[in-house]
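Note that the chains take the letters A, B, C and D in the order they are written out, and that residue 1 is the start of every chain.
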C-alpha cells in the first residue's frame, strides 16, 4: 500500500479482513480487557505500532464497543512526540463526530521511542491502584513495587522487550505520582523509565499502569502477568506477608 | 412515526432493527449489567428517555432475559410524574400477562425532570451496598460518600449531565435511607438531588444506587466509574485507608 | 403426548425445540450456574417438575456440558419418594453408559411434595458454605441464618412459593448438618422445612444450599437473591457488622 | 490410522472434526481455563495422553488462543521420560515458527507413568499460590495442605485415578518447593507422589498446582474441586478458622 494511496484513501489504513490487523486487534483486545476490568468506564486502552504507523483508540468512549472505523492513525517518528490536540500530523482521523485522540498518546510514545516497543497497554486495574496505595512515596518522593519468588515473574521481560526474568530475579516496577492531566504524566514516566531501565512497566499512583512489549502478544501477556502479581501482592500485604525474600509466611 | 400510528399500533414504538433503539438497548444493557452483578435476581434496571417517550423494563422479571416486547413506553411530561399502578397514561403496554411497570418509575423521573437526563440506571451492586454500610448516618440522619485523588473520578460529570470532574475535585454522592416500598424513595431522592446539585448519583442505604446521564452512554460509563469507586473505597476503608486527601496509606 | 407414546418412545419426553422445555432448560441453566460458580466440579444442579414428570440431571458429570439426552425423567408421585439406585420407576433413562441418577433426588422431592415446588436448585456456592461456617450450631445442634434490612430480601417468597417478603421482614434460613451420603440429608431437610415453614431454602453446613420455587424462574431468581444475601452477609460478618437490626455499622 | 500414515502425514495426528479429539480439546479447555484465571499470561496448560500418543500445548504462548495446528505430539513410553529440548522423538512438531515444547512435559509424564493418568492439568491459580504461602515448610522442609469436612472433597479421587474420597476423609496434598527451571521440579514432584500415593495432585510453592485424572473429564473436575477447596481454605485461614476437624468456627 503506497503513501499515495493512504493520502487518497486514509481508511485503507484501518480496513482489513485480517483479525490481526492493528485496527481489528485493538477493538478485540479492548473487549477482552473490559472483561478483565482493565478499561471499565472509558478508561485505559492499547496502542499498536505497526511499521511506521501508530494505531490509537479514541478517548472517552466505551472501550468494549469501539469499531475499526473509530481508530486514529499517526505516523511514527522517533523524535517527534505528538502533542494531544494537534491533529495536523494524523494519517487517518475517524469521520464519526466527537471522537478525540487519546490523551495517553505521548505516554504510549515513551514506550515506542525509549524501548522500541510495538504495543503499549494502559489499564485502570484495581489491583494496580490498590498496590500503589500500599506503597507510599518515601521522603524523596520515590516509590517502587518489588516482589520476588513468584513463578509469574518469569513472564516479564527486562525493559519489557528484552529477555525474560528468571525466578531468582526480583521484579521492580517504579510508581510515579498521578497528575491532573494525563499528558502531564509524560515527563514523570520517561524519567522513571530512565531510572529503571530494566522495568517493563510504570505504575501510576491512584490511576493504573502502563505496560509495553516488543509485540502486542508480549504487551498483553506481560500485562496479565503483572496484573496477577499486583493482585497477589495486595493479598499478601493485607495478610501481613513480605513481598520479597521468599520467606515462609503465615 | 405519527402519534396516530402509535395509537393504532403501539408496538411500532418497540419494534426496530436498530440495535441502538431504546427497546433493543434496554434488553442488551440489562444482559450486560447482569454479568456485572448489578441486576441479579430481578433487581435493578435502566430506563431510557428518547424524545417524548420513556422506555421502561418490567418489574420483578429476570433482567438478563427481557425481550423488546416486554418494554413499557410512557409519554415524557416534565410536570406529571406517573404514579405506579396507574396505567392510564401508557403509550404501550406489553401484551404478555403478568408484566408490571417498574416501581422505580418515579425515581427515574427524578433524573429526567431535575437533571434533564436521557437515561437512568439502577443497580443493586454489592459494592454500593457495602459502601452505604460503611457510612452510617450522622445525628441529623445525613450521610455522604466522599472520595478524592482517584483517576476514575474524571469519568463522572457534574450533576450527571454537566462537564466532567477534575482529578483535583472531591466526588460527593448523597446516601439516602431505604424505604419498604421503592416508590417512597422518590421524595428522599429528589430532596438529596436538591441538596447536592453537583452529584451525578444517589446511593440508597442497604439497597443500591441510581445513576443518570445525558445519554445512555453517559449513564453507563458513569455507572461503571462509580461502581469502580465504590469497590475500591470499600477495599480502602477495610484496609484502614482514608478516602479523602490523597495521603499515603499503608 | 399420551402415556402410551412415552412408553413406546421415552425419548419423546426429552426431545423438544422449545428452549423452555425442561430437558433443554436444565442444560441451559446448568451452563449459567457454572459461570456463577454454583455447580463447579460436577456438584449441584437443578430439577424441574413439569406436570406429572420430574426432570433430573445425571450425577457426577460436568454440569456445564450436559445434553438433553442425558436427562432422567421420573413420574411425580406425591407419596412415593424414589430411593436412589432403584431405577424401576423411571419414565426415561439415558442410553449413554455410566450416567447415574442424582443422589439429590429425594431432597428435590422434599421441595416438590412439602412446598408444591416446580423447580429446586442445589448449589455449592462458596458464599453459602462460608456463611454456614460463620454460624456454628448451638448446644441443641441448631443453627439459623438471619438477616434483615436488605433490599434483596424482597426477592424471597414465604416458604419459597408464597408471597414475597417485605423489606421489614427478617429472613430466616435453617442450617442443617451435612451427612456423608447426600440422600441421608433427606430427613434433616424435611425436619428443617417443618420447623421453618416460611423458609424458602435450606442451607447445608460445609456443603451448599437447596432453594425452590413455584416455577423455574422463581427458583432461579430466589437462588440469586439468596446467594447475594449469603455473599454480603459473609462480608458484613468479616467486617464486624451485625446482620440483623439495620443499625449503622462501621 | 496406521503408523505409516502418521510418519507420512504427521498432521493427521491433530486434524479431526471431533470436538473431543485431544488436539481440539486442549484448545477448548485452555480457553475455559483462561476464563477461570488458571492459565493467564501464557502460564499453565493441559496435556492429554490418548493411547500411545501424548498431546501437548506449546510453551510461552497465549493459552486461550492456541489452535490444533500448534499442538505437539509425543509417543508415550512408560520408561523414557522425554527431556525438554530434545526434539528427536516427536511424532508431530508444529510448522509455525517459534513454538517450543512445554517445559512441563516431564512433570506431565510423572502423572502418566506413576498414576496411569490420561490427562494432567497445570494451573497458576492464585488460590493455589496463596494456599502454599499459608503453609510454610517445617524444619524438615516438608509441607502438606490438609482439609476435612467439605462436601467438595467427595469430588477428589484417591491418587487422582482411584475411587472418590468420602466426606469423612481428610484430603492431603503435598506442597513441594519451586525451582528456577520448571523441568527441575520433576524429581521433587515424583518424590512427593511416592510419599503421598493417595494424593491426586501436587502443589508447588509460589507457583501453582499439577492435577491429573484417568480421563480429561476426571482431571478437569478434580482441578475444579481442588481449586474450590484451595479458595475456601484461604478464606477460612484468613478468617482464623481451622481447616481440619469440622469444628464450629466464628
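In the analysis below, contacts are C-beta pairs under 8 Å (C-beta built on N, C-alpha and C of every residue); 3 or more make two chains touch, one makes a residue touch a chain.
For each chain, UniProt lists the protein as follows: A, B, C, D = Methylthioribulose-1-phosphate dehydratase.
Every value quoted in this text rests on a predicted model; they were computed, and no experiment measured them.
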Is the contact between copies chain A and chain B built from the same residues on both sides or from different ones, judged by whether over half of the numbers are shared?
different
Chain whose mean Cα position lies farthest from chain B:
D
Rounded Å distance between chain A and chain C, as computed from the means of their C-alpha atoms:
45
Inter-centroid spacing, chain C versus chain B (mean Cα positions, whole Å)
32
Between the chains shown, work out who touches whom and classify the graph as line, ring, star, complete or other.
ring
Within their complex, chain B touches chain A through residues 149-152, 155, 166-168, 217, 220-222, 224-225, 227-228, 231-232, 235-236, 239, 241, 246, 248-250
Per the contact definition, I'd like the list of chain A residues that touch chain B in the complex.
40-43, 61-62, 124, 126, 129-130, 133-134, 136-137, 178-181, 204, 206-208, 238
